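Two complexes are shown next, each including subunit A; its partner changes from subunit B in the first to subunit C in the second.
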Partner chain A sequence: MADPHDGTEQGSARPFAPASSDPSRRWHDMGGTLAGPVPGDEHDFALWEKRVDALVILSGLKGVFTVDGLRRVLEDMGEEAFETMTYYERWVAALNQNHLEQGTYTVAELGAKMEEVRARGETYADAADAS
Partner chain B sequence: MPHDHPDHDDHLSPSGHPYRPDQDTGLSYWQVMEIATRELMIEKGVVTAGEVAAQVEAMDARSPAQGAAVVARAWTDPDFRERLLADGSAACAEMGFDVGPMRLIAVENDAATHNVVVCTLCSCYPRNLLGLPPDWYKSRAYRSRTVREPRKVLAEFGLDLPEDVTVRVHDSTADMRYLVVPARPAGTEGMDEVALADLVTRDSMIGVGIAKTP
Partner chain C sequence: MPLEPGTRVRVKTMTPPGHIRTPFYLRGKTGAVERVLGPFANPEELAYGQDGRALPLYRVRFRMADVWADATTPTDTIDAEIYAHWLEPA
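Take a look at the complex of A and B:
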């Protein structure tokens, strides 16, 4: 099968250097670089993570932004965010950034809403219940 | 929504996996952002609360069982197998599984070839057929090493392939997803589609494992 994205082809055609030392690729383009063992742990997704996922999918279905918009923000966050934030932490940041850019709401509205949410309680369950 | 994890006292989810530490502590900054973003999207009329709930439910309903049903059909129906290998999206739609706008490519394992799927750039995964991707699929180690030393990576999953088996690594993209059709195990000749589907694991459809034997 002629597949330009076939990893084997790609891997053999490229120098195997860590992404950070190779100016021809960005940090997220990590195929073929060196790394430690694959982590074996898995976790079930929390409700807030599922909601982030749902909001990203729905934003696409509603035409607010595409997967490319999501990925642009994720990739621009850089390697440090990849190492220090969890997957859906990065996704919610990208979701929010795209909505700000598209004018769904303003930075001021976001700030006010986050304050309001924080004031509702100490746990996710408390804060997620607006009514 | 009363509670997000009712069984958190023993720190294990209903499926036996540990919850992330950040779920057991106080409200995080990013959780606040999720709630705020969701409520603003609802207030501004982008989505309704019902649509968000329905989307979460739809995601919860997706599991490797759908992919396993596709594989079991391919094992038992040669015509379906041909259609699946020719056009994965259409064959899955035929079974009532919507794989979304992405092109689904099914790749088949046999005695000579083993296929394994990765997304080196991000986390593209046939989520409509298998559910959300596991944490390791999104890890730096899996993304970087699977195209460099696939046999070593597979060995870490407990899969030691003979040297004469060709390993093909498929790198997913935003527009293209892969499903591995694992080889049908020996000794399953008399089994029906439903029983066969129980042998098809998530990992065997990513290519880091093989189907179970009965």
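Take a look at the complex of A and C:
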């Protein structure tokens, strides 16, 4: 997998004009401000990114949360997250936050699962060997 | 009853924290209802895991000059979809 912070992935930090100096305008509410040219570069999605996308769609179909809940968390994550995390890194964080809020699993259950997955190894190949 | 197309409306200038679908750049601006899109669940409630009460959603048309004072094409228009609770009579 490519380094998610190398600046080539979708959603990586790109310079943009500050939306406004008005403190009542939230950081993400950039509509109507100058944004410069639209980047036309293509992006190949990693397997984990496709899985995050699928989980968000499935969560909506299952009635766990809506796109509104996803966006709410993305906005609340703040401008620093927008500049330092990739698109699907932010999505998976927002996905998790909504599932925790809706009680799909507990923080402790999440922690135990993460340890279990970590023990499989760093790569998909390692994980396949371990199973 | 939803507002009739053609009704002049002003976007409220309130700035509550939280998930909002009304763009900042349109707050306080005046336009006209272009059409009623129908009742939709309020995204400001859906965003927090609530069911979301159904509200009229309007497509509101603004003259560029009414949005940006220095618009280079002042008679062009811009449409935005805005929920009923963000609109007041103009």
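By our rule, the second predicted complex is superposed on the first by the 94 of 131 C-alpha atoms of A that agree within 3 Å, B and C clash if a C-alpha of one lies under 4 Å from a C-alpha of the other, contacts with A are read in each partner's own complex, and residues count from 1 in each chain.
Heads up, the rule we're going with is that contacts are C-beta pairs under 8 Å (C-beta built on N, C-alpha and C of every residue); 3 or more make two chains touch, one makes a residue touch a chain.
Computed from a predicted structure; not experimentally measured.
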Just to be sure I read the superposition right, which of the two partners does A:Pro39 touch: subunit B = first, subunit C = second, or both, or neither? first
Just checking: does A:Leu95 make contact with subunit B only, subunit C only, both, or neither of them? Give me first, second, both or neither. first
Figure out whether A:Trp48 sits in contact with subunit B (first) or subunit C (second), or with both, or with neither. first
After lining up the shared chain so the two structures overlap, which partner does A:Ser59 touch, if you call subunit B first and subunit C second: first, second, both or neither? first
With both complexes overlaid on chain A, does A:Thr104 touch subunit B (first), subunit C (second), both or neither? first
Touched partner set for A:Arg71, first subunit B, second subunit C, both or neither: both
One more residue to check, A:Thr86. First (subunit B), second (subunit C), both or neither? first
Should A:Asp29 be classified as contacting the first partner (subunit B), the second (subunit C), both, or neither? both
Name the chain, either subunit B or subunit C, that contacts more residues of subunit A. B
Subunit B versus subunit C as contact partner of A:Glu122, first or second or both or neither: first
Once the complexes are superposed, what residues of subunit A are shared between the subunit B interface and the subunit C interface? 29, 31-33, 68, 71
Residues of subunit A touching subunit C in the complex: 19-20, 22, 24-26, 29, 31-33, 65-66, 68-69, 71-72, 75, 98, 101-102
Give every residue of subunit A touching subunit B within the complex, in rising order. 1, 3, 5-8, 10-11, 16, 28-48, 50-55, 57-59, 62, 64, 67-68, 71, 74, 82, 85-89, 92-93, 95-96, 99, 104-105, 109-110, 113-114, 116-118, 121-130
Residue numbers of subunit C touching subunit A in their complex, please. 15, 17-20, 23-26, 43-44, 46-49, 52, 67-68
Report the residues of subunit B in contact with subunit A in the complex, numbered from low to high. 1-5, 13-15, 17-20, 22-23, 26-28, 30-41, 44, 46-47, 51-52, 55-56, 59-60, 105, 118, 120-123, 132, 134-136, 138-148, 153, 156-157, 167-174, 176
